[in-house]
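In what follows, structures are represented as structure tokens.
What follows is a pair of complexes built around chain A, which joins chain B in one and chain C in the other.
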Partner chain A sequence: MRIGIPRSLLYYYYYPLWRVFFAELGAQVVLSSPSTKGILAAGLKHAVDEVCLPVKMFYGHVLDLVGQVDMIFLPRIVSVEKREYICPKFLGLPDMIRCLKDLPPLIEVDINLYKNNRDFYRAVKNIGSIFTKNHLAIGRACFKALQAQKKYFRLLNMGLMPAEALALVEGRTGDKSQRKKERLNIALLGHPYNVYDPYISMDIIDRLHKMGVGVTTAEHVPDKITRSYAARLPKKLFWTLGNRMIGAAFHYLEQPGISGMVHLAAFGCGPDSMTGGIIERYAHSSGIPFLSLTLDEHTGEAGIMTRLEAFLDMVQWRKAAFSS
Partner chain B sequence: MKGYIGIDVGSVSINIIFIDDGGVVVEAIYLRTQGQPITMVQKGLKELHGRLPKGSKIRGVGTTGSGRNLAGIIVGADAIKNEITAHAIATSQVVPGVQTILEIGGQDSKIIILRNGVVTDFAMNTVCAAGTGSFLDQQAARLNISIDQFGKIALGSKSAVRIAGRCAVFAESDMIHKQQMGCGLPDILAGLCEALVRNYLNNVGKGKEILPPVVFQGGVAANVGMIKAFERALELPIKVPPYYNVMGAVGAALLARESAAKRGYSLFKGFGISDMRYKTGSFECTGCSNLCEVVQVTEDGGVIARWGDRCGKWSNAVREEKIS
Partner chain C sequence: MRVTFPHMGNLFIPVKGMLQYLGLDVVVPPPSSKKTLTIGAKYGPEFACLPFKLNLGNFVEAHEQGADTIVMAGGCGPCRFGYYAQIEHAILKDLGYDMRLIVLEPPEKHLSELLAKIRELAGNKSWWHIFQAVRFGYRKAKAVDEVEMAALWARPREITPGDTEKAYTKALKMLDKATSTRELMQAEKSADQLLSAVAVDNKKTVVKIGLVGEIYTLLDPFSNQYMERSLGRLGAEVDRSIYLSEWVNEHIFRGLARGMRTRKKACLAARPYLRHFVGGHGQESVGNAVNFAQAGYDGIIQVFPFTCMPEIVAESILPKMRADYGTPVMTIIVDEHTGEAGTLTRLEAFVDLLARKKEAKEA
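Coming up: the complex of A and B.
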């Protein structure tokens, strides 16, 4: 059986887990193609108008899978962490997608770890039973999947970008890039599906590398550290991804090697407006240069490039002034 | 006479200036872009050539503004820089010790914060262009007054009416309501100035520490109504530099002076370019599903630049042709 996984949203976090899980149960995993203008155009045509850019992109990825797969994996992810939530748009995702015509059957399973972790195993059992009645086989697949996931997060924590980490987890080589140490390093923060999707982010990571700037992201900071830093907020945020962003930001504000901070937000994203605002205030009081970039459908790159160039000029200028 | 040319290709105007070795502005030309950046740059250079004394030597050219890359390729620029850096460089030369720069142009508005001659923070308007020069232009046209008269009429106001400035569309309907209620023209115009200033300080100037000396520049600084509104809102004196509407171009020329000195010669192609035939066009590359819009510039039939392709297939092809 061919199971389709959209290369979008939480793909950047949990793909290794589900890839191994499905493969262990004998299914063939099919990924949608990397984001392109064509995929976004298909998404825009079908999406509800008030969702954010990455959700519109998700529609496109689902449509890209139609005809190639027997089922599409589309869990309703409510919460992945105790007493925290994922963005409300993720809760409604299966309902929004179900309205599309001519879709293959969807694998819809609720995943809600708000109360405790046990819900994950219930979900895994439900999904696994589509393929086999053998509980032991499902348990074994789940164990291997969790191992792969752990390895992936560990690689991210070591400073790899998702594409590189995925290649290593899957045993592919070739994507290996030798990154030289840069003199200037900036922290790039934002939702993983904005930061790591080269189409949505207008290739910002690659552009920065080409400008001779080292880039480090929230996923490079281990969970333990982001949690302890995020606890400095007088009141905890509701969103797991927002907490990670804030924790990473507070961590980077104390790293002398980080010369500036860029926050990438999707236009119309509620959580981003909140976390971005908080990070900006703390960056200001720490005296670290901060830039907020808002992404939307426009493909004109001049706006982003102007702001990025000016920001790097400022960072370098300030660095030179401080050292002299 | 020996000196440097600075070209600022903006959405509404193209500014071309000539400075002498000491950085003093000798000639300034302000043209409307009229949607034809190349033709207007050619026209402006021709005019500049005519105004300069015979035997003048161009020692460097710099370009800035949203059309900086296009203009840079056509004239052979020594420095191509974003407008934020260009403005900061020019203003700190003209008004030593400046701490805040307010800049409102045709489509962009920005704020630049400097401390001890170094840019420490900046912001630009986000995806929305409300409250910039184009909107004032449009409203002046709707009220059938010339944009030059706008500020003077606004100064005649006794009590400005309150106008919603959050969005240009709302502002327009609010102005029409006030006008139908019988409010006087000066009061409406003064109200509009105050609304724009309020919007600017809330959006672009959000969270910025505005300290004197404050310099107001960009095309909108010609409007005395706006200057007054800023003075009232900030309770600080506002300085408008003598070449307020061409400061970006001044900065570009100063940057060209620096990089031409470093290089030892200039890349300027000469005033002959005014008579060359340039054509720009775009086509959609069908090599993959990205469907990039590739822009290409030709000079007398030969391709001199291409951009817009994500993979570099077309832009690199130009570079290789040049090398061989």
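Coming up: the complex of A and C.
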């Protein structure tokens, strides 16, 4: 059986887990093609205008899988941490997607760790039972999947980008990109599906590398550290991704090696409107240069690049002025 | 301690009543206006939603009138309302307004957390007195809702245009003035008389429109460009999916008062389309739209602030429900750039469409 997984949204976090899980149960995992203009155009046609760019992209990825797979894996990820949510749109995503016509059957399972972690195993059992009645096999697949996931997160924490980490987890040896010596380091913050999707982010990471700028992201900071930094807020944020972003931002603001901070937000993103504001406030008070880039389907590449270049020049001058 | 709180339509009447019953010095912010919104939009984050900006503007204006303490509700997500108070407080601090903040959060571990906040607010009043104050506020909320419902019914049917509006404003003023249960009972009676005295044409055929959407923009006429009033003038009877007292009963009293529409029913109706809660009133919007369609309403209008996440989910799903029931649905999204003329044009066109559809169906 061929299971389709859209290369979008939480793919950048949990793909290793589900890839191993499905493969262990004898299913063939099919990924949608990397984001392109065509995929986005298909998404734009079917999504309402108000949803954010990454969700429009998600629509496109689901449509890309139609005809290639027997089932599409589309869990409802309500919560992945205790007393936290992802974002309301993730809660309604399967229902939004179900409004599309001529879809293959969806694997729709709620994953809700809001109260406790046990729900994960219930969800895994439900998904596994589509393929086999053998509970032992499901358990074994789950164990291996969790190991792969752990390895993936560990690689991310070591400073790898998701593409590199995925290649290692899957045992592929990707072409090692030779990086120039970095003249400065900046922290790039944002939702993982904006930062790591090369089409959405206009390949910002690669471009920065080519400009000789080192990039660190929120995923490079271990969970423990982001959590302890995020605890400085007067009230705990109830968005897992927002919490990580804030924690990482506070962490990077205290790192002397970080010369600037870029926040990548999707136009109309609810959590970003709040977390972006908080990060900006703290960045201002600590004196670190801060750039906020808002992306939507109309954003022009040239405009973003001009702003980025201007920002980097400013950071560079500032750094030179401080060191002399 | 001079206490203020954010506006949301007629919310100020019951809240002011309740706080004054507790013997607090209350500063009601000036009614939300263009100025309020301009202040909020200037200092708030660009992509924060409209209610956030209005709240912020309310606080600044209330501070100018001498308020030093803010009372607000909190939340635990996933709607961003739960984080409003903290960010608004930080912005006010940056602006140099040093105001105390009392957020009534839903208790996370133990009820005592909430009770401590109430204690902070109420000082040394007895729990019985606090209970009485809450009951008084709830009663006011119910009275306000009844006036609103009566006005919604009378507006499209009134013989002299503007009569209902006059009676409605006067009735609300009377309710607002009542400071004890006895006075409130008196006010309820005279408000009822006032509204039933409006001359109406009982036999007039009116189109019926159900309003669903985000609670703030539904309940606050300023934020939705006085939509209910405009629709009434255009000859449409409006029913809302949320009334203040229903919300209070549902979320604060946990459904203690019986015989009211509940969230559960709406969510059940939403099940074929939206199977999980999505924060805010997203699931209720879908469910109530289904309920309105089943009850034979001629049209449904969904209203929400720009970038409201739960309602965007509902908006994505409503076309499917429309296809199943054939009831027209219009979505109106509001923010600080919304103009009254644009909204009115859309409402006129929608009501025309519904009236013609109704005629064709009845002929």
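Operating definition for what follows: the second predicted complex is superposed on the first by the 318 of 324 C-alpha atoms of A that agree within 3 Å, B and C clash if a C-alpha of one lies under 4 Å from a C-alpha of the other, contacts with A are read in each partner's own complex, and residues count from 1 in each chain.
The rule is short, and it goes like this: contacts are C-beta pairs under 8 Å (C-beta built on N, C-alpha and C of every residue); 3 or more make two chains touch, one makes a residue touch a chain.
All values reported here derive from a predicted model rather than from experimental measurement.
Using the contact criterion defined above for the overlaid structures, shared-chain residue A:Gly270 touches chain C, although it does not reach chain B. Of the two partner chains placed around the shared chain by superposition, chain C is the only one that A:Leu91 touches, whereas chain B remains out of contact. Of the two partner chains placed by the overlay, neither chain B nor chain C lies in contact with A:Val66.
When the two complexes are overlaid on their common chain A, residue A:Val30 makes contact with neither chain B nor chain C. Contact with neither chain B nor chain C is seen for A:Leu103 once the two complexes are overlaid on the shared chain. With both complexes superposed, C is the one of chain B and chain C in contact with more chain A residues. In the superposition on chain A, A:Arg281 makes contact with both chain B and chain C.
When the shared chain is aligned, no partner comes close enough to touch A:Ile225: not chain B, not chain C. Shared contact residues of chain A, touching chain B in one structure and chain C in the other: 267, 281, 294. On the chain A side of its complex with chain C, the touching residues are 47-48, 50-51, 76, 78, 83-89, 91-92, 94-96, 99, 110, 233-235, 237-239, 265, 267-274, 276-278, 281, 294. Considering their complex, residues 66, 81-85, 116-122, 124, 126-127, 207, 288-293, 310 of chain B touch chain A. Interface of chain A with chain B (complex): residues 33, 36-39, 199, 203, 267, 280-281, 284, 289-290, 294, 296, 298-299, 302, 305-307, 309-311, 313-314, 317-318, 321. By the touch rule above, chain C contacts chain A in their complex via residues 45-49, 74, 76-80, 82-83, 86-87, 89-90, 94, 105, 108, 273-280, 282, 306-310, 312-317, 319-320, 333.
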